[in-house]
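Letters A, B, C, D and E name the chains as they come in the text, with residue numbers starting at 1 for each one.
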Amino acid sequence: MKIGRVAGTVVSTISAPIFDHRRLLLCDLLTPAGEPTGDYTIAVDVVDAGAGETVLILDEGTGARQIMGWTVAPIRAVVVGIIDDIDV
Amino acid sequence: MKIGRVAGTVVSTISAPIFDHRRLLLCDLLTPAGEPTGDYTIAVDVVDAGAGETVLILDEGTGARQIMGWTVAPIRAVVVGIIDDIDV
Amino acid sequence: MKIGRVAGTVVSTISAPIFDHRRLLLCDLLTPAGEPTGDYTIAVDVVDAGAGETVLILDEGTGARQIMGWTVAPIRAVVVGIIDDIDV
Amino acid sequence: MKIGRVAGTVVSTISAPIFDHRRLLLCDLLTPAGEPTGDYTIAVDVVDAGAGETVLILDEGTGARQIMGWTVAPIRAVVVGIIDDIDV
Amino acid sequence: MKIGRVAGTVVSTISAPIFDHRRLLLCDLLTPAGEPTGDYTIAVDVVDAGAGETVLILDEGTGARQIMGWTVAPIRAVVVGIIDDIDV
């Protein structure tokens, strides 16, 4: 899993029911120190994360479908939690 | 999922029925700001995307097969939507 | 599998039972010589690894779920062992 | 999927029946413009591709096993087609 | 699949029966010309490969479990063969 920061939302017309009423979050990937790595991913929101929040991203299709309760869905990455703290 | 821009099509003779009457799109991968990353992928078209359009690419085999309605198919990446807007 | 060093823990509110009473370990990835690569991953702890320990990380969702005894869980990486020695 | 060019064959003694009478192709990965990226993969040949030919490579285990008609096989990448043309 | 060279073994206490009496090989990844890429992986040995030997590495969990005859195992990479020759 990776650390990300919500940078915005992606608006796309996708003909798959799993995306109805779901936001696609554009997330900058971060280092543990909170610096952007320069890479990003687009993840489905399941925790109602807001712009600027630091989040935990799962980038694995099977687990992503499972946490959303679907067995068939064209998704790969999901924001699974808001990160409250990183203790180093 | 990643952001791409359709750069062209790949013409290949592949002996798998899922490719009949399907286009293989050559997609440049983009940063959220719309700049090319220098990387690319080849994805099956399911939304009738045209050259130059900004698209959402799912790069995960199981989800790619599912959105096409096949359980057995030699594919990994699919253009799942045309991106209308990115709100940052 | 990869070599990592436990750098800390990630505190996140995740609504999935597999994370109850489990620690999420922030692990710096290492070269075989023990130098940081600059990359990291966040892995579920199953061996009670402590900060600073060198660990073996499995970064594959299906195997990660299996070692934890779950078939449905939003995880991808697991610390599967503490590395005692690397013989080169 | 990715674009590659067949650079040679790999001769290895592997005790798995799927490799009997199959060639393992060493493929240089290419940019869409046909330049080597510096990376490579080793893929099972299913289209009788020859040295120097430009090919379409599927790098995903489940799809690779499917196109070969096996459910159990230690493979990940397959040359699924010879690329006739790239229209950009 | 990738080309590697066995650099050593990793000694780790892992509480999973698949690792009993199995060696974990530290493998440097190589270019087709035999030069180290700077990257590595840790793979389970199934061919009794020795230090310094050039090997074929499968880095995909499902195929790795299959070649070992297990359906449940926390592994991702396996040394599937010793490379006898690369014809370029």
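Throughout what follows, a contact is a pair of C-beta atoms (placed from the backbone, for glycine too) under 8 Å apart; a residue touches a chain by one contact, two chains touch by 3 or more.
If you're wondering where the values come from, they're calculated on a predicted model, not measured in any experiment.
Under the contact definition stated at the top, the chains bordering both subunit C and subunit D are E.
The distance from the centre of subunit A to the centre of subunit B, each centre being the mean of the chain's C-alpha atoms, comes to 20 Å. For the pair subunit B and subunit C, the distance between C-alpha centroids works out to 32 Å.
Residues of subunit C in contact with two or more other chains: 62. One full turn of the ring, starting with subunit D and passing subunit E second, gives D, E, C, A, B.
Of all residues in subunit E, only 7-16, 24, 26, 28, 40-43, 61-62, 65, 72-77 touch subunit C in the complex they form. Those residues of subunit B that touch subunit A in the shared complex are 1-3, 31-32, 47, 56, 58-60, 62-64, 66-67, 78, 80-88.
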